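For reference, chains read A, B, C and D in written order, and residue numbers begin at 1 within each chain.
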C-alpha cells in the first residue's frame, strides 16, 4: 500500500484537492477542527487525527493549503505544529498563496524538524480544485518535486516547475498582479464604452480577438457587466494577494506603480462594502468613483 | 464602372489600406505631397490629384487615415480642404484615431459642405493594413455604413458597427487604454519574475492559459523580453492615444486612475529616449526605474 | 477724470474685485445679465452696458474674471464680443484661471481687434477679493503691466510680474496642483493619525512647525477635521483647475503622476456627491475609500 | 549622583543625542562596535560596555536610535540583547523610526524582561540632534513619559506626548508621508514653471505666502533647484520611511494612493542612482521622466 499523504486546510479549495488525492487511490490523513468535515472525510476513507503534528507523524508527505502566512505559521509552529514532529525525510507541499519570504521562514522551521519543503501555489479556482484541473506553479529542488509529483498530479492538470524554492510564489504573485491590473483597465474600458453610448458587451466582443484581449476582459468584465459577483474569488483575497505582490516589490526595491495602484483601489473597494464579492466587484467601486449607483 | 474612392493619408497604415481598395477593383483617387508616392500610386492605377478638395471633387466616398486631429483639420479645413468642395452626397470614412469630440468637430464641418461622416478607426497594425485583415470599429448611421461597406471590406476583415457616430473612436480608446494598462502589469510581472529567479518566458508560458492571459502578455511582453522593439506601434503614438483616452475621461468627468498612470509612464518612457520604439519599450523605462540598464 | 475701467464677470470673486476698482476712485463700466446686479452696480456709481462689445467701446482697459475658457470665449468672440469692438489701444486684463494655451487663443483674437492682453489670475479667495488683498500673478509685457498697475493695485495686495504672457496662468496652475497634491497627503495623514489613536488636531499642531508644515495642513485639513466644508473653493472648481494642470503637462509631454492622481481623486470626490463643497471635501472621499461614513 | 542613562546607536543622529545627555549632566553608558567612537565617548566621560545587555545591566533607562527594525531586533534579542538582561524597572526610549507594529513586537520582548517601553521618534535632522533642538513625538503611558522626560528634554526642544504606545511612530509616519507627497507636488510645480518660462525661484517666492506654501516648497524645492543635494536626509531613508507608512496603511486596510505613489517614485529615484542624495533628489528623477539630463 502506498505511503499516506497528509492534508491540512480543508477549505473551499483544500477540500476538493484532498478529495482528489483520495480519488487517486492514495491513503489520506487529515486534521480539522470541524466535526462535520472530520466525519465527512472519515466516511470517504481518510484518517482523521487531532493536530498537524500527528499528521506529520502519520504521513511523510504533507500538503498545506491555508489562507495566509499567519495561518501557515499556526500549522507549522507550536507544540502541536508540523515542526514539532519527528519528521525526518518529511516533505511539505505548501499550496497556500504567501510571500516568498514567508515561505522561506516556514521552510527554515520545517528544515529544523528534518523535513524539506516545496512551494506549490495553485490557480484555477474552486472548480479547478474539485475537478482536479488546477494549474500548479512549483518552486523547489527537482528531487523534491519528483517525489511530490504523484500528489501534484492528483490535484492538478498543469504542473509547472518554474524555478528554485519560492519561484512558485513569485509566479503566483505575477498572476495575481496582472489579473488585478488588467481588471483596472477593463473597468475603465467598460465605463468608457457606456459613457460613449457603446454596449459594453459589444466592446468586449469586438476587442476579444485583438491586442486588448485578456482573460480578465472575457471573464471578470463579463461578471461585472452581468452583476454576477457572488461567489468567485473574493475581493478581500485579491487585496491580500496584492499586498503580497506589493510587499515583494518593496522588499526588493522595485517600482510597481500599477500593482500598488491596484492594491489601493481593491482596498477601497473592500472598504466600500464589496470585500466578500468576486474581485470583479472592483467595477462597483469604479461606479462609485464615476457617480453611478453600484448596481449589484 | 464603380464610383471612385478617395484616399488621404498614405502613411504606413494608409498606403496598405489604399492599395487594398485598388486590389478590390475600386477606382482610387489620392493626394500626397510625396512625388515618390504619387508616382508609385499612379503606376498602380490610381488617379493623383493636388488637394483634398480635388479628391472630394472626384470621389463621393473618401477615406482619411492621418496621425492626429490637427492633421485631420488640415485635410478638412481651408481653401483646399475637403469641406471647401461642393461635396453634396459625399461620405467621409475617417480611419484616424482621434477623440470623439474631435470627430464631431470634423463632422460638423463636413456636414456644412453637404457630406456625411462615419468614424472607423482600425486595429491590426501595419501587417493588417497590408494584408487587408484589419479590425475596423465603425460608428455612425446604419445607411452610411452600408454605403461604406464595400470600402471597409476591402480594407479589413472584421467590420464592427459598434454604435452611433463617435462610437468607433470610443471603442478604439477602450482598446488602447487596455493595451497600455495591461502592459504596465506585464512589465511589472516580468520584473518580478526576473527578481524571483524565474525565467520571464517561463512565466509567460505558464500564465498564458489562465486568468492572467492577454494579448499583451503574449505579444508585447515577448517583444520586451526579446528586445525586439524596433518597428511596431511606436510609444509616441501610444502616448497620443492615451492622451485621447485621458481627455475623453476628463471631459466626461470619469475617474480613470490606471489609464492616466499609463499615460504618465508612457510619457516618461518617450522622454527617456524610447519614443520611436514599439510601445512595449515601456519595459525599458521600468528597467530604469528598477536600476537596471535598459537592454535595447 | 480718469479713464473708465471695464469689468466683465461679476461672480463671487469678480463682484468684489469690481467694487474695489470703484473704491479706488476709478470710473467703472460693467455688463451683466442679472437685473439685480445691474441695479446694484448702478447704485454704486458704475455704468451698466448691454454687451462686452459695449464695455470695450467705453473702456480702453477691461478686466475679465469668468469661470473657464468657454466663458471667456463667450465674452471675447461673436458679434457682441470684445473682439468685435473697435478696440485700438485696448488692454484686456484677464483674471480668469484658464490654460496658457487658451489664454494665447484669446490673445490672438483680442490682438486682431487691435488690443493687447495680459494674464492675471488671482488667489486669495472670496475674502481676498472683497478686501482687495488678492495675490495676482501677472504674465505679459512690462509696458502692458505698468499700464494695468493701478487697476491691479485696486484689486490686490501682492502683484507679481512672473514672466511673459501666459506665465501668470502657469504659476496659478503650479499653485493649484500643489494645493491638491498636498491635500492628498494631508487626508492620508489625518486617516493615519485617527487609525493610530492620535487626535488629528494634535497631529496638525505637532507637525505644523516642521518639514511637513503647509498651508493645506493648517487650513484645508482643519476644515476637513472640523467638517466645515460649506462655502470655500468648490471641489468642482479644483477639479477644473487640475484638469488645466493636467492638460498643460500632457501638451508639453511632461510626466505629472501626482497631479493626475489628484485630478482623478478630485473627480471621484465630485462624483461621490461633494462637488459643491470646499475642495477639502476630498477627505470625505477618503472616508469612503477607508470604509467610514463620510461625516459631513 | 543621577542614575546613568544607556544609549545604543551612535550614528549621525544618535551621537549628537547621546552627547546632549552627557551635556545635561547625566551619566552615560554606551556600547559601540567602533573603537574610535568608544574612545571618543570614553574621553567625554561616558562608560563604554560591550553589549546592549550590559547597557541594560548598568542603566535603568536606555535610549535606542537605530536605522530600522532589524537593527532594533539585533539590539533587543539574543544572548547579548537588552531583553536578556535582568531589567526589572527598566525603561526603553526608542527613538528609531519603525512601524508601530514593529515597536509593539519590541515592547513585548522588553516587557518579558520586566521593562517598559515608549516610542519616541524624532525630527529635526542631524543639526537638531547636535543642537538638542529635535522635535520628539512620544507615545506611551504618562508615567513612563514623565520618567523619561529629563532625557527627552536633554535631546530635544519640543517634546510632544501624542497618544498611547505606538502613537509617536504614527505621527512620524504622518510627517514623512506628507513631506514625500508634498515633494512630488513641488517637483511637478518646478517642472511646470520651467516649462512655462517662469523662474522656479520666482514661483517659490510668489507661492510661499499662499495656500500652496509648505516646508517642502521652502526647503526641499530650494535644494533641488540649487542642486544642493549632498548631505541631508537620504533618499534611501525616505524610501524606508515611506515603506513603513505604506505597510501601516496596508495592515490597517486603508487606501493611501498618494503615499504609495510617492513610495514608488522614491524607489525609482533611488534605483536611478540618487539613493545617497538628499530626498529632494526626487526632482532629479522627475528630470529623467521629463527628458532632461538630471543636473546634479
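Just so it is clear, a residue touches a chain if its C-beta (ideal position, glycine included) is under 8 Å from a C-beta of that chain, and two chains touch if they have at least 3 such contacts.
In this text the structure is predicted, and so the values were computed from the model without any measurement.
Colleague: How big is the rotation relating subunit A to subunit D when the fit is done on Cα atoms? Please round to the nearest 5 degrees.
Modeller: It is a rotation of 180 degrees, to the nearest 5.
Colleague: When the centre of a chain is set as the mean of its C-alpha atoms, what distance in Å lies between subunit A and subunit D?
Modeller: Here subunit A and subunit D have centroids separated by 38 Å.
Colleague: Rounded to the nearest whole Å, what is the centre-to-centre distance of subunit B and subunit D, using the mean of the C-alpha atoms as each centre?
Modeller: That pair's centroid distance is 51 Å.
Colleague: How many Å are there between the centre of subunit A and the centre of subunit B, using C-alpha atoms for each centre?
Modeller: Each chain's C-alpha centroid was found; their separation is 39 Å.
Colleague: Would you pick out the residues of subunit A that each touch at least 2 other chains?
Modeller: 253-257, 261, 265, 267-268, 270-271, 289-291
Colleague: What is the shape of the graph in which nodes denote protein chains and edges denote touching chain pairs (line, ring, star, complete, other)?
Modeller: Complete.
Colleague: State the interface residues of subunit A toward subunit C in the complex, per the touch definition above.
Modeller: Spelled out, the residues of subunit A in touch with subunit C are 257, 267-268, 270-272, 288-291.
Colleague: So in the complex, the part of subunit C that touches subunit D is made up of which residues?
Modeller: On the subunit C side, the touching residues are 100, 123-124, 135, 137, 158, 160, 162-164, 166-167, 169-171, 173-182, 184-186, 188-189, 191-193, 195-199, 202-203, 206-207, 209-217, 219-220, 245, 248-249, 252-259, 261-262, 265, 286, 289-291.
Colleague: In the complex of these two chains, what residues of subunit D are touching subunit A?
Modeller: 239, 243, 246-247, 250, 253-257, 260-261, 263-265, 267-268, 270-271
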